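The following pair of complexes shares a single chain, chain A, combined with chain B in the former and chain C in the latter.
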Partner chain A sequence: MTDTALSSPRSLSPFAGLMSGTAGPVVVVVLAIIAIWYLGAIALNAAFQQDTYERAGRTDVPLVEFIGDTLAQERPKLPAPHQVAVELWKTTVEKKITSKRSLIHHSTITLSTTLLGFFIGTSLGILLAVGIVHSGVLEKSLMPWVISSQTIPVLAIAPMIIVVLGNSGITGLLPKALISTYLSFFPVTVGMVKGLRSPEVIHMDLMHTYSASRFQTFWKLRLPYALPYLFTSMKIGMAASLVGAIIGELPTGAVAGLGARLLAGSYYGQTIQIWSALFMAAFLAGSLVALIGLTEKLTLKRMGLSR
Partner chain B sequence: MASILAWFLVAMVVFGLFSPIFDPDFHIMDLPRLAICLVILAIAGVRYELGFMRNRVGDIALGLVAMLAAWLLIATVRLHVGTASAGFWALTAATWAAAWLFVERLASWQVQSPVAKRLLFLAIPAVFGATLLVLWELIVTGAGKPGVGISNALLPSPSEIWLRLSSSLDILWTDFQQTFLKAVLIGYAIGCGSAFLVAILVDRTPFLRRGLLPIGNLVSALPIIGVAPIMVMWFGFDWPSKAAVVVIMTFFPMLVNTVTGLAASEVMQRDLMRTYASDYWQTLLKLRLPMAMPFIFNALKINTTLALIGAIVAEFFGSPISGMGFRISTAVGSMDLDLVWAEIAVAALAGMLFYGLVALIERYVTFWHPSIRG
Partner chain C sequence: MLTAAEIEDGLDDAMKEEAKRVIDIDKLSLTFQTNDGPVHALSEIDLKIDQGDFVSFIGPSGCGKTTLLRVIADLEQPTAGSITVNGVSPEEARLKRAYGYVFQAAALYPWRTIAKNVALPLEIMGLSRAEQQQRIARNMELVNLAGFEQKFPWQLSGGMQQRASIARALAVEPDLLLMDEPFGALDEIVRDHLNVQLLELWAKTNKTVVFVTHSIPEAVFLSTKIVVLCPRPGRIYDVIESDLPRQRDLDIRESPEFLKIAHRVRDGLRAGHSYED
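And then the complex of A and B:
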């Protein structure tokens, strides 16, 4: 970028080099967030701790002990980062995977729902996009509904889909995956429509001079052109799919899955459990999106499309 | 494609005319109005293939007759709930084919005036949506449980949902107030507003921009909805906890989009502002904010949906005895599915109107943008 016109002259401090990239600032911001978190934990948990001391009849507690105690409550209002980390370690590494308390056990359930929903959603999204690109009628009639389908708060329907399908004998992954599907098909449809339309007129004309059939044009020109768009929208779709899977687990009455852990935690006031489930979900989302990013990089590199 | 559909329509009508449409031997010939209507429908459908009335009058006639046929079919099937047989399904398919043909004809109309073009642009998806509703009504009523009435079915028909909606307006209004007017709107305003202010602050300090933006992007991809139980624990069962969830959900998309938008103006343009000797605030107000508006409105539009979802889902984790999410989860528990669907219809309508309103404001604010002008 030729952004030199407005940028201020570099300072000469030794930190300048370290802080001019992205990594330095990100680390600082993360550290700041953790510091704020600790302060917040102390502030939010202080009232309860004071109460405990009063009940125990202790009046003069040294500050260090007070702070230490606020950060080590069993059911804190806001658990401290290290408490969450310890809980995460306990429930992933130290528990057997088959145990109902193992977070890995619950994550696998959520993960399989997410992947199934994502798979159906992506396939549906691609099919819709192909239809929309090739048929003017579909574009004019269906596309507005695809867009307005997302203004409907679908997650509201989630409990009903689960209960209704459960009553008609369909249980297990599929009902939950359908919610993921609903959330994840939209970005794929929109992205693919854009992608399949992205070849320039001159390329389409070239295919025409080769007297390529519609299918050949689709397979050899449109689809390769759409791939970068597909990967971008798949990342959004994957994140949405995970949200759908978590919400889908709520109305089943907290049986299994990360959503169930959240619900059970909120029933019993187990804040540390909620936070660890939350972090596990974040980790899952991050790694799934990163995985798609990696595939994207490799595929586009092989196709010679990478920038 | 169109000719296949037309002949399919004819085949379905002929099949429907000569086979029983409801179970104990009810033929369509017992109902001459419907029979005549369907014959006209079939003729209107294949007129292109037969070569007459190839004009808009014919197209509109097709649409009107299809509407009449659908209405008669619905009226008939109401009297014979759950006893539909092959003939009825053929007629349902015929109605669908006719409506599809009509949409196809509409899509191929060439109109000149921009007003007509706009109307047509709205009419096509409207007809499509109406077709879906009619099919839903026909299928659900035709396949419902005989004797029990329709209301115990797992999937109620649109007309029943409408009945329930109009008969329980007071409940729906209370829920709407609790969820939408309090949690969603307040949370949306606070979330988007604070993100906007933070974005301007962040934009002033490049250090924060480089540090916060990657994190903001990461957080946007996370299932933030999971903070709902924590917020309910912190802020209690009433609407502030729902508003808090909405604030968190809307904050990051708005932050990321605004920061990106503020960087959208080009160096040339900023240099021009400098040659005018405009200071930071003038450049911000007259160049960079207007340039950022498409991005900001993008976030505002995404956030309308997120806000509704956040508020409704947060109510699943505990709420006072009103609210859309509360009503949905309790009504599902007592299998009161009419009410659930009525609630969903209200939520859908509110979501669409909210989105539409923001999109409308966008048209006025960013009138200069190519995507609006063009």
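And then the complex of A and C:
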């Protein structure tokens, strides 16, 4: 009785089938974004298109042709989605990886910087958190620096790191990776401090009744408790690390990497190149975060923490 | 009343001279310093517990029964008086792993299977794998949880989780078992069942049990000695030596002897509790 009463008005709605699963809403949102993007591209590129027509002496251009032309400019203010897609296709699939114009080539460079920086940052973050949780002195002396480090704009400090390290003879991957480290250790430190302190009082009391050593308490109680926090912090840290890697590529003279593509693109007004590099960066960050998410799922499942 | 308890205590001492003294508490006080001034959690506690006793602390909330248990376990420090556990300070006793502690909640580690949870104290003690396996099997059997070794805590009912936590406390193989309202969160039927199991266990192992509860039937059913505490300041109001036989079943709760003791506990709780404030 109740079932039919509840389901009959729902089936009257034309969107009932579309909105019932998760795929429907996701598709609707994507389509909406693409539609808004196209409208934005037409609006932003219209002025330049009109100028072009005037210079060419054309006055009565049909609307369809006008719209088509705004979406096919060589250096549009806002490239249309299909222009970015074509550029992505050309620079990934059609170019050889060894080519300087291959986006894969540049992504690999940014990726290795990101991963190295992320690895150092995560290790540093965990180390700091362990120290802070176990020693009041360390907490008082380290925590203010940890926090104030993040109040400095990374764009300001990045060139200085590159220059200082460059003068000490350290060049290549490491200086860029250290900027990633600079951004990614913070969420890990904060998350791990919170995580390592999250065991309930009753669990800590239990370890006390067993006369467990601090190391045993850490290894058998605090660390497992902190793991879900670690994974969450690592996701944030990974995204921050990629941003750091791109910023680190800017002051090095923009030789290689996604940051270099962004910078070169803005020098020469190659907006399509900028947007395709941005999309590549977003795709990279998304994949890396998803990879951590997968590791998290598998680990927590093995630990019996997710059902 | 206090003098009567003292005389009783003295008689008891004389009668059980051969029994080993496990806990000896003398004029023990504990005052917490809070922002609202000092809180006298425990005041002038005198209590002696012998090997094989089953002692219940009963009283309203705030009477210090849990605090007293935590002092025995070296989870709280007294501010005055003295206490020995197995003849040494609570800290030394704790370091020698003289007791097993069962908390109000099962406090199982969610990422460990039941067997792994029972193994936790054994890992910390550094026992060999073979010894660990033996103790896990033996104690899981003892609390009727054999066959649930590989389950995770969330797969078990509340009563089973609490039994697992008892197995974990027993795995240390202590002579002294400290239990803080272990069945407080469980329903009446499960609680009755676990009470019977606990008595069987106690009879089998001849351990000393100190048990905190606020249920009168539970205290009378389980105990050889019932300590009635009252609040503000937390102090002992009455100590009742039970004359019920050590072998008991649930039917004993209908007997006049049982009701007589329950009545005395109730009187003590009523008199010690000042309803004015």
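In this text, the second predicted complex is superposed on the first by the 285 of 307 C-alpha atoms of A that agree within 3 Å, B and C clash if a C-alpha of one lies under 4 Å from a C-alpha of the other, contacts with A are read in each partner's own complex, and residues count from 1 in each chain.
Here is the rule we use: a residue touches a chain if its C-beta (ideal position, glycine included) is under 8 Å from a C-beta of that chain, and two chains touch if they have at least 3 such contacts.
Because the structure is a prediction, the values reported are computed rather than measured.
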Taking chain A as the common reference for superposition, should the pair chain B and chain C be classed as clashing or as fitting? fit
Would you check which partner chain A:152 touches, where first means chain B only, second means chain C only, and both and neither mean what they say? first
For A:203 in the superposed arrangement: first (chain B), second (chain C), both or neither? second
Thinking of the overlay built on chain A, is A:34 touched by chain B (first), by chain C (second), by both, or by neither? neither
So, does A:21 touch the first partner chain B, the second partner chain C, both, or neither? first
What is the contact status of A:47 with respect to chain B (first) and chain C (second): first, second, both, or neither? neither
Hey, in the superposed model, what angle do you get at chain A between chain B and chain C, Cα centres, nearest 10 degrees? 70
One more residue to check, A:304. First (chain B), second (chain C), both or neither? second
One more residue to check, A:211. First (chain B), second (chain C), both or neither? second
For A:242, using the defined touch cut-off, is the partner it touches chain B, chain C, both, or neither? Pick first, second, both or neither. first
Superposition-derived minimum Cα distance between chain C and chain B (Å): 10
Quick check on the complex: what are the chain A residues that touch chain B? 2-3, 5-7, 19, 21-22, 24-26, 28-30, 33, 44, 77, 136-137, 140-145, 148, 150-157, 159-160, 163-164, 167-168, 235-236, 239, 242-243, 246-247, 250-251, 258, 262-263, 265-266, 269, 271, 274-275, 277-278, 281-282, 285-286, 289
Which residues of chain A touch chain C in their complex? 200, 202-203, 205-212, 216, 220-221, 224, 303-305, 307
Where on chain B does chain A make contact in their complex? 103-104, 107-108, 121, 124-125, 127-129, 154-155, 206-208, 210-212, 214-215, 218, 221-223, 225-230, 232-234, 267, 270-271, 274, 304-305, 308-309, 312-313, 316-318, 324-325, 328-329, 332, 335, 337, 340, 343-344, 347-348, 351-352, 354-355
Once bound in the complex, which stretches of chain C touch chain A? 73-75, 94-95, 97, 99-101, 103-105, 107, 109-113, 120-121, 123-125, 152, 154, 172
